[in-house]
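Here chain A shows up in two complexes: once beside chain B, once beside chain C.
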Partner chain A sequence: MAATPLQTQTVDLAARFPSAVSVDARNGYTGWLVEKDKLLEIARSIKEELGYDLLTSVTGVDYLPEEKMEVVYHAYKTTGGPGLIFKVQVPRQDPIEIPSVTPLWPGVDFQEREIWDLLGIKFTGHPDLRRILLWEGFAGHPLRKDWKEGFYEEDAKPFKSRWPEGNYVSSEEKNPYKDNLSFPKNFDPEKWIPEGEAALYGALARYTETDEQGIKSDRIVVNMGPQHPSTHGVFRAVVTVEGETILSLKPVVGYLHRNHEKIGERNTFLLNMPYTDRLDYFNSMSNNFGYALAVEKLMNIPVAERADYIRIIMAELSRVQNHLVLVGMLLNDLGAMYTPALYIFEERELILDIFEAVSGSRMMCNYFRFGGVARDIPEDVLQKIKDLVFKRLPAKTDEMDRFLSENEVLVSRLKGIPVIDGPSAVQYSITGPVLRAAGIPYDIRRADPYGIYDRFEFDVAMRTHGDLMDNYLIRLDEIRQSIRILEQAVSKIPSGPINSQKPQYQVRVPAGEAYGRIEAPKGELGYYVISNGKPNPWRYHVRAPSFINITGLEKMCVGKKIADFIAILGVLDIVLGELDR
Partner chain B sequence: MTNENLNSPGYEIPAEMSNLVAITTLDRLYNWGRRSSVWPLMFGLACCAIEMIVAQTARYDLARFGMEVMRPTPRQSDLMIVSGTVTKKMIPAIVRLYNQMPEPKYVVAMGACASGGGPFKEGYNVVAGVDKFLPVDIYIPGCPPTPQALIAGLIKLQQKIDKESIRTVRWYRKGPDSVNIPIPILGPDLIDPRRNAELRQISSGIETDKV
Partner chain C sequence: MYGKGIIKGLSVTLKRFWYTYWDDFVWFIRSFTTGKRRYYSEEGIKYRSSSSTRGIFTIQYPEEKLILPEEFRYVPFLVYDEKDDGTKDVRCTSCGICAKVCPPQCIWIVRTNDPQTGKPVPVPAEFYIDMDICMNCGFCSEYCPFDAIKMDHEFDIASLHRNVYNMEKLLKPASYYSNIRPKNFQLEEEARRAKEVIKAAKAGAASSPS
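And now, the complex of A and B:
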């Protein structure tokens, strides 16, 4: 197997900065270890001199046995090619402080807040370092390896109390509170004063103005969500408005934070596969794909030829239905309640039928395995896919285009309202269709091909204005390109085995790190997995496109009307399962 | 419901008036109206919400059961479908929404997470089932339940409503308020105000301090 781009070192950072950078020589690791004090200087050189302008993923790792904390940065070039990994290590003693790279890449804002929230690493120089997924006042930093939750039982699954006899234990019985709770000793709930949301409201820009008569007028702060019909789930935005114009906006997330990473670090590698389904619950196939890639990289195993084709077929079908739903929901948000969405869900059902036929489940497919897929596509299902791909979907896409794209209401709501411009989008680490609609043709399927995408003919959809209309139209372009890939894949799919490995419950994963990333329908979906040779991952981090794409939400919305905010949120295509994880 | 079902047995109605007159009990009339226009709250938490949306689309068509009018405000809704994982950060908002719903009100726990925590039960931010806070009428298994399963659950809810009597329902009873639920507080962990004394007692007895 050829070296994957991540394993190829392209620049010698250690030669450039001999005193501050060293090669990460741990077995199975790649990248560069950077001195903490020189981080900003080296990062600036990586960005400006070496051209790694897109810092996609920042995450922290707790190396408890070595008494170290590490922050890992993955930087890429928007022109394509392999990435550059650099890391900062600090001793694991509070306060743990690392300089923030927000001045260089504002897109790391939320990611650094997440690391502070979950791992307790402070970023000096960060403009607004508050907890993001949990609430102010929460005790501890849960992703630290010595932090135990209420229902803690053992460090690794399968738990010895249940396996292999299959005994049943209710977690409630083991916890003194008989619930998923843990409080400090001698905690008195009646004396607790909640921290409230003063910090959140304080982070909003303040405005008080006095007019010529000396009358003071304050701006209004509006809370949208977490229960709001157009926030696509439990997303909340706190908005300062003057009339209908947005002056300041802070997204509040974490209402669906269901501890994916903590649970993932306790699971065995294969046990995580069904959990990835529930990240972006529209695209379980794509989620599986990214995770399978990361672990295959670690295990260094090939993928069966037929499975490679099946993967592409499933990932692209999932992209088609995701974009269809986006268009339907966007129109819902714009006021065309239900009618377009009803038509679109009809097509989506047909695609879900295929998912159900191959995997047994409509939404949560759990279909990929390391080295291949779980089940073969039966011949009649393949025929169904062919009918869809060659006949129904192209016709329906054209129909949708014909009925919607020139609709006067749609055009007047979408055309000419900028979302974000290309350079800012890169700064804010935005990926996926939103970046491409802003004129930057960065698509991982072409920029850093994975799977067998290099065998197919397709164009990277790109639009140049970066307004809402382009963001809508690029979804139609991408559906058409996906159908193009599908046409080639279903025609060329070879016969043969569907997995290069024996089906097994427990996989052997050698120690090391891997970052597997795919072009998910919403942007770059990356899985950063560290194995220490044991059956469960030491660190399992998901770089979720929805989460990182909303970092620039305030920049996109300030100065626009509150109704445009709904449309912007619509084209950003967030899914809360993935955003909050 | 047909007239035969609405009519109480034992009363003879002349054939020419059978389409015009029904003799029945107040309970039956009340339940008949209620079960045929259950308006759910437009309230999605996670993955299950997508299947809830799908249940309203053409293939499954929830409108057949008088439940297609999703209200985005709790003030106009009768049914809360808790469709997804209930997190500690979200539960104060969920309880507040429930308190804002006018009676009679019902709660359906859709899917494994809402019923008991599901695959995410062990998570530090996850409430192991919405029934720790809200009185749940119907539990629907599945992860996520298919739209068919949701519809089956809602039919079960209709059957439950059919058996109710206004003399015994929770919300018309005298005595302490059994309808409004105190809103949980976000502390070092989730604080349920109903359990304050118990929490204080247990936390003074635990051996190890939390990291």
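And now, the complex of A and C:
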């Protein structure tokens, strides 16, 4: 993709802070290297003076050969335009410490905890630095390059044992109970008391309280989940309640953690594509899109014209489908068990049929390739999309609107219950429909266009109250806008090749870094990929919208009822496959 | 009026109920002239999964099965051509591209070595796919240069044991392949024939004295 004038670096940070900032001059890299001691000061200036108010992604990189650890920050403006990348490098010697930027952007809370968990970088000044995805007794930090898992075979796929040797033994046949577990020194699982739990409960508000009249009242700690029908998966929220009012809340995640990023670093670039399907399994097409964008940026290759249209058609169909499911499942959470959800599943089924016909699979599509897509859309499937887009979907959306939006139960449960206000949403790095429902019209399709979104006419859906009702209504608005894009795309789709590259099973990716981001149905989905010229990525990070959107969950829920928490979780639209990665 | 929204919502269900039985009646009357039945027939299933469907939407699995699109993929199988004398001509040359491009690394191949020279022969001695690990991505069939490995349509393979498939279980004839994927099969055959024509022309040009 050629760099448009919008995407070029416009701010000269080094000129502003000559002693503390230098240009990242490594080959293929962009951004600024910031001195560790001056980080907070410079971050404050970036946020307050330069106006980069949305810090979307924070991640760490382990440069083992250079004996360095790096933390990479991606900051954007909610008014649109290119981002500002700044990095902090520290020597790779424990303890590795970097000041936390949580005072400026509270939204980095979970991301910094994730970096501590997976890379072992301590953030000084972080209010609650505990492990987040792994359990407290876990030995080591798995994303470090010198960390090896129990079933370690080789550093990178393809493994030699499969070909040419052909002598594969499945790992669990070796020794299931000894080899695949590693404990810290002097660790006895029988005697271990989970200190993490104590810390977790300690992080909540205190138990007993005496009011002015000397009446003691107990606050109760309730564990919602990990197995709870309203949490859409294995998600646990530890809630302190007084009566039904939530006093404090801590999400506990990681039950579905599989270290997607480590798997990604073992894989070659192409092999990652089907793994991205498994992140947000409702929107595998969008996930593919983001990853393809990031690697295409690195490879610097164009996308075939027809493929560009196909990509948009697929991404928007998947957005329609995702929002439909959200509305259905939200009603399910509110107590309208299954009837609305199943009616909505009809439309979803028809969209999944299209995915199946073009890609071969309903949910795990694995459809995008670097430079295009895997297969062409057959003529009859295109006709089916047209039938859906021009006739069925608009009618069904209106029907849904008519029957649901005025339903008394829905209105009384949703109207006037605030989720989050605009400025706080930006502070908490919340993106996607939740941010737009709070009155910030930030949509990457318009703010920093990717693919060929700049060719289509559509409005950024926005609501201003930021209450639950708006969060529900904005989904309907977005479905309508997506249908508008789809109508234009299916009528304008040109003929031609579907991939600008020859099909290769091993792509050559030049060294460098790239951050590809898209407006996924749940928010900003970003892929931060670093290549060192080898067939496998050196670093592969996923900025998952579900994960970062729940950073503000406590703020959203405090002071509300337990029943509201369920509705808030419903509109936040989390998918645990993406949240836990 | 309070409660109107709820009644309106219930009317959606009533509408569907009505459509289901009304359409049943219409299809029944029509079946005398067209012979098309609404249930347990291909037309009926096609109608229920088309974008103009209304009323009942579900398919009575396993009596009825959804019509799979050609691109549908489940687990891979190996293709062999049937020779005139009845022997199997395995297309695979054990080049290993499928094993290298397999994301969960569930394919492993034992190559055949020529007993005299010790050099590899382009036929696999053994070919294994661990179907429990296979993630159904379809890369192996997409990148196979010999059209030797393809994705199957058969999806009910659940068993009580581990599904590590060997050559015997993986091999399926080319006729089966052409049956489940007629369009792809035709395209590949055309490409192959075109290649052979070019090859023959080249060979002819090389053998003829210049």
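Everything below uses one rule, namely that the second predicted complex is superposed on the first by the 543 of 581 C-alpha atoms of A that agree within 3 Å, B and C clash if a C-alpha of one lies under 4 Å from a C-alpha of the other, contacts with A are read in each partner's own complex, and residues count from 1 in each chain.
Throughout what follows, contacts are C-beta pairs under 8 Å (C-beta built on N, C-alpha and C of every residue); 3 or more make two chains touch, one makes a residue touch a chain.
All values reported here derive from a predicted model rather than from experimental measurement.
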item: First, second, both or neither for A:L134, with chain B first and chain C second; value: first
item: First (chain B), second (chain C), both or neither touched by A:G533; value: neither
item: Partner chain(s) touched by A:E149 [first = chain B, second = chain C, both, neither]; value: first
item: Touching partner for A:M364 - first (chain B), second (chain C), both, neither; value: both
item: Partner chain(s) touched by A:G335 [first = chain B, second = chain C, both, neither]; value: neither
item: Touching partner for A:P189 - first (chain B), second (chain C), both, neither; value: first
item: Partner chain in contact with A:E406 - chain B first, chain C second, else both or neither; value: second
item: Touching partner for A:R258 - first (chain B), second (chain C), both, neither; value: first
item: Which of chain B and chain C A:P302 touches, first, second, both or neither; value: neither
item: Chain A positions touched by chain B in one structure and by chain C in the second; value: 274-275, 346, 349, 364
item: Contact footprint of chain A on chain C as seen in their complex; value: 2-6, 8-9, 12-13, 16, 49, 51-53, 57, 68-73, 96-97, 99-103, 105, 107-111, 126, 128, 130, 133, 135-139, 142-143, 151, 162
item: Sites on chain B touched by chain A in the complex; value: 42-47, 49-51, 53-54, 57-59, 72, 74, 84-85, 87, 89-90, 93, 97, 113, 117, 119-128, 132, 143-144, 146, 185-191, 193, 195-196, 199-200, 202-206, 208-211
item: Touching residues (chain side chain A, partner chain B) in the complex; value: 133-135, 137-140, 142, 144, 146-153, 171-172, 176-177, 179-190, 192, 194, 226-229, 233-234, 254-259, 262-263, 266, 274-275, 278, 281-282, 341-342, 345-346, 348-349, 362-364, 576-577
item: In the complex with chain C, residue positions of chain A that touch it; value: 157-159, 161-164, 166-168, 170, 267, 270-275, 339-340, 343, 346, 349-350, 353, 356-361, 364, 366, 374-375, 381, 384, 387-388, 391-392, 399, 402-404, 406-411, 503, 505-506
